[in-house]
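Following this line, the structures themselves.
Here chain A shows up in two complexes: once beside chain B, once beside chain C.
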Partner chain A sequence: MKICILGFGAVGKGVAKVISMKRDEIKDKYGLDIIITAVSDTSGAAVCEEGLDPALLLEIKEKTGKISKYPEYGVPNLSNIEVLNNADYDCLVEVTPTDIEDGEPAKSHILKAFNDKKDVVTSNKGPLAISFADIAQSARKNGVQLRYEASVGGAMPILNFAHDTLPSCNIESILGILNGTTNYILSRMAKEGSSYEQILKESQEMGIAETNPAQDVEGTDAACKVVILANSILKRNVTLKDVEVVGISKITQEAISLAKNEGYLIKLIGEVSSDTLEVSPRLVREGSPFAVDGTLNVATLKTDLADEVTVVGKGAGSIETASAILSDIISIYK
Partner chain B sequence: MKICILGFGAVGKGVAKVISMKRDEIKDKYGLDIIITAVSDTSGAAVCEEGLDPALLLEIKEKTGKISKYPEYGVPNLSNIEVLNNADYDCLVEVTPTDIEDGEPAKSHILKAFNDKKDVVTSNKGPLAISFADIAQSARKNGVQLRYEASVGGAMPILNFAHDTLPSCNIESILGILNGTTNYILSRMAKEGSSYEQILKESQEMGIAETNPAQDVEGTDAACKVVILANSILKRNVTLKDVEVVGISKITQEAISLAKNEGYLIKLIGEVSSDTLEVSPRLVREGSPFAVDGTLNVATLKTDLADEVTVVGKGAGSIETASAILSDIISIYK
Partner chain C sequence: MRLNLVLELLDIPGQLIDALDPIGRLGANIVTVIHQRDVKTERGTVPVQITIEGDKDTLDRVIDALESQNIQIMEVDGVIRKEKIRTILIGNIVDKDVKDTLNKLNEVEGVKVIDFNLKMSDNPEKSASKIIVEAEYGKRKDIMKKIKEIGESKKFLVINEV
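Our next item is the complex of A and B:
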């Protein structure tokens, strides 16, 4: 299978890395040979239909910051759409930066790939949170596959889990801690008794929170995931503007202490059901599956027969997120 | 698909119940029509190749305690092997009581079904903990399927999860809380400060612990599940006698308090890796996915790419366990 990777940041590099680690093993195990025929970044692209060397891609990016410096096959200033026109590929791995206003340019990349009868794997929340119905319809119309496990919770395999492991059950609702940064901040506030502002500042210094933390702390990132879960698992037809969102920036140390005294923690919880789409701070019981700390993500499926089943995993990380993308590539092949 | 249910205790009745609830829905969703053609209990059996009525099976069992009283098709004193000889079925649902000495009579039922070229779904830990290799080999030799999701953790879908949702990853080890009764006892000891003996007694009165609690509190039940996980997920070839087992009956309130003061809980943990097979009380950190209370079961997969992923679910319950059996039946059909 020939893949084209658009975007070569943390996730794109992770994909190259896991392919370099696992290519032979996957060939042995599944009979699937994954060949990277194109990679792009803001400098341009590297394109070679015989296949690019994952290790060399990583080395060039590390040394020069520009994938277009790839020897022989590097092309400066090639746009992503030109890459899709020039490259020989079966599956697009769309991992360009997320935009939650209009989902572009990722949305155009995905739709172009579908029109060219290519499958798509993405970790990009933007187009799925803004235009899920259009994208899913285009995939159906073109008879191709779309997979996006990495877009919700990184290495927490909630979508495959919900779709594949409980065929006897109806999933009635989903509750989750869908953002690692806010979980980290709230967990440390509960443990250390420090203020929101203090812990946010330290999280930014550690690189866990971004310089502009709004999308995380105001709940927008979690809301995007709520939209994806609602569309994918509960077959709703919703977009980001349908979600009621309250972030964590108003949570005081007093509220956390009060909760703690009664055996509760405050977590930023996303909820999806047939009539609810919400992200808000809520009390969760100590000893419940939601009481996990650090940057972990959690999602609980409420089902008709199996009661509640929960999956927990790392919500971020280059290799971890790339593992979800690689699983999607293997699933498309299978 | 015609199914034969051997054993009509909590799990067998649960299977009849979920089939009566979901038969039409499963027909619509998967094109699978599940027909119960035989059911046995210690009184005999009910056998009808056109299909028995799940609701009537449950009513007769409730009223008389004897499935052989089923109108027209009830047969007193029919042995399970005779049921398998007489019944017209595609898939055996083996849910007779668990025996961990030699796995019988369930083992013989399963092997007979395989030899008759029938698929098998079971929740029965006994034969899998004692004779996994023989059973798996017989399934392969006869070209039939064996599924046993319900044998580990009831409605916690750890086997399907490990086999289906992480195709890019190697699973290197598994750690789990695999017994709900001991988790319940240890959780209440930590919360209430009471002694092991006191909480065990109350758990027995509530029906959470059995009158003879040895298999739970001495770790044997968890050890059976460790064996199944090791064989199924890590492709080891082990049996119950290979597991090092320490139970919870020597855990003192003092040990629990000491741990709690440092932010830890004591849980009965099963561990499976390429060189470890163990059940023992261990410290787990508050805030970790293992810090769940009540009768919940947990299993964490340590993987090469996705780091740790965890699944949590109800370890017991008639309907919950039956949901895992129904999922296995659907998976065999698919």
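Our next item is the complex of A and C:
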């Protein structure tokens, strides 16, 4: 299978890395040979029908910061749409930066790939949270596959888990911690008694929170995931503006310590059900499945037959997120 | 028939007598009363286990009478009738009339505020209060929604249970 990777940031590099680590194993196990035929970043692209070397791609990116410097096959200033026109590929891996205003340019990349009859695997929340219905419909119309496990919960299996592992069950609601950064901040506030501002600053220094942390701490990132879960698993037709969102920036040490006295923790929880779409700080009992620390994500699916099923996993990280993308690629082949 | 009740009484003189009064008055028999004043709930009330005997109508009337006297019936034959719902509000609750907030909560049907805790901050806006209400079992979701509405109408950040 020939794949084209648009975007070569943390996730894109992770995909190249896991392919270089696992290529032979996947070939032996499943008979699937994954060949990277094109990779793009803001500098341009590297395109080669016979396949690019994942290790060399990573080395060039590391050394020069520009994928267009790839020997022989690097092309400066090639746009992503041009890459899709020029490259020979079966499956697009769309991992460009997320935009939550209009989902672009990722949305256009995905729709173009569908129209060209290519499958798509993405971790990009923007287009799914803004235009889920259009994208899913285009995939159906063109008879191609769309997979996006990595867009919710990173390495924590939830979308494929609900669809493939629990097909006998109706999922009535999903409650979970869907953002690792806020969970890290709240966990440390509860453990150390420091202020929100203090922990946020340290998290930024450690690279766990971004320089502009608004999307995480104001709950937007978790809200995008709520939308994806609602559309994909509960078959609702909703977008980001339908979610009621409250973030964690106003959580105080006073509130955390009152909760603690009662045996509770405060966590940023996303909730999806037939009548609720919400992201808000909530009280969870210490020792309950939601009482996970650090950057972990967790989700409890309430089902009609199996009652509650809970999954936990790493919600972010280059290799962890890439593992979900690689699993999606293998699923498409199977 | 027999009915096992668990009541929760305030630890002040006369409470047990008041609770037992309608049972005899309405014609039910008291089979057992287990009352240990030393064993208290976390908020200082005394749980009392009572078994009463009588026909169904009489027992129903007893329960109605107890409830109209504001006596808390926690369990009937092992079935929990009340549950606690915890909420934390962040904001300057002192400035926004604590009593009015609690009254509004008490006005919600089937809800009674049973605990209130305040933690003041140097910056009053960062103060937090913990409110525990007792509510009829099974109405949790509706009541949490109402608590949220009341809190948000006063511009508090409302942190409900999951």
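As a working rule, the second predicted complex is superposed on the first by the 334 of 334 C-alpha atoms of A that agree within 3 Å, B and C clash if a C-alpha of one lies under 4 Å from a C-alpha of the other, contacts with A are read in each partner's own complex, and residues count from 1 in each chain.
The definition used in the following text is that contacts are C-beta pairs under 8 Å (C-beta built on N, C-alpha and C of every residue); 3 or more make two chains touch, one makes a residue touch a chain.
Keep in mind that this is a model prediction, so the values were computed, not measured.
Number of chain A residues touched is higher for B, counting chain B against chain C. When both complexes are overlaid on chain A, the residue A:306 reaches chain B alone and has no touch with chain C. In the superposed model, A:269 makes contact with chain C only, not with chain B. In the superposition on chain A, A:77 contacts neither chain B nor chain C.
Within the superposed three-chain model, A:115 lies out of touch with both chain B and chain C [touch as defined at top]. When the two complexes are overlaid on their common chain A, residue A:237 makes contact with neither chain B nor chain C.
By the touch criterion defined above, A:137 reaches neither chain B nor chain C. Look at A:64: by the touch rule set out above, it reaches neither chain B nor chain C. Partner chain C is touched in their complex by these residues of chain A: 175, 246, 250-255, 257-259, 261-262, 264, 266, 269, 271, 280-284, 290. Interface residues of chain B facing chain A in the complex, by the touch rule stated above, are 18, 21-22, 25-26, 30, 155-157, 160-161, 164-170, 187, 191, 286-289, 291-294, 296, 303, 305-314, 317, 319-320, 322-324, 326-327, 329-331, 334. Considering their complex, residues 86-88, 90, 117, 119-121, 126-130, 132, 157-162 of chain C touch chain A.
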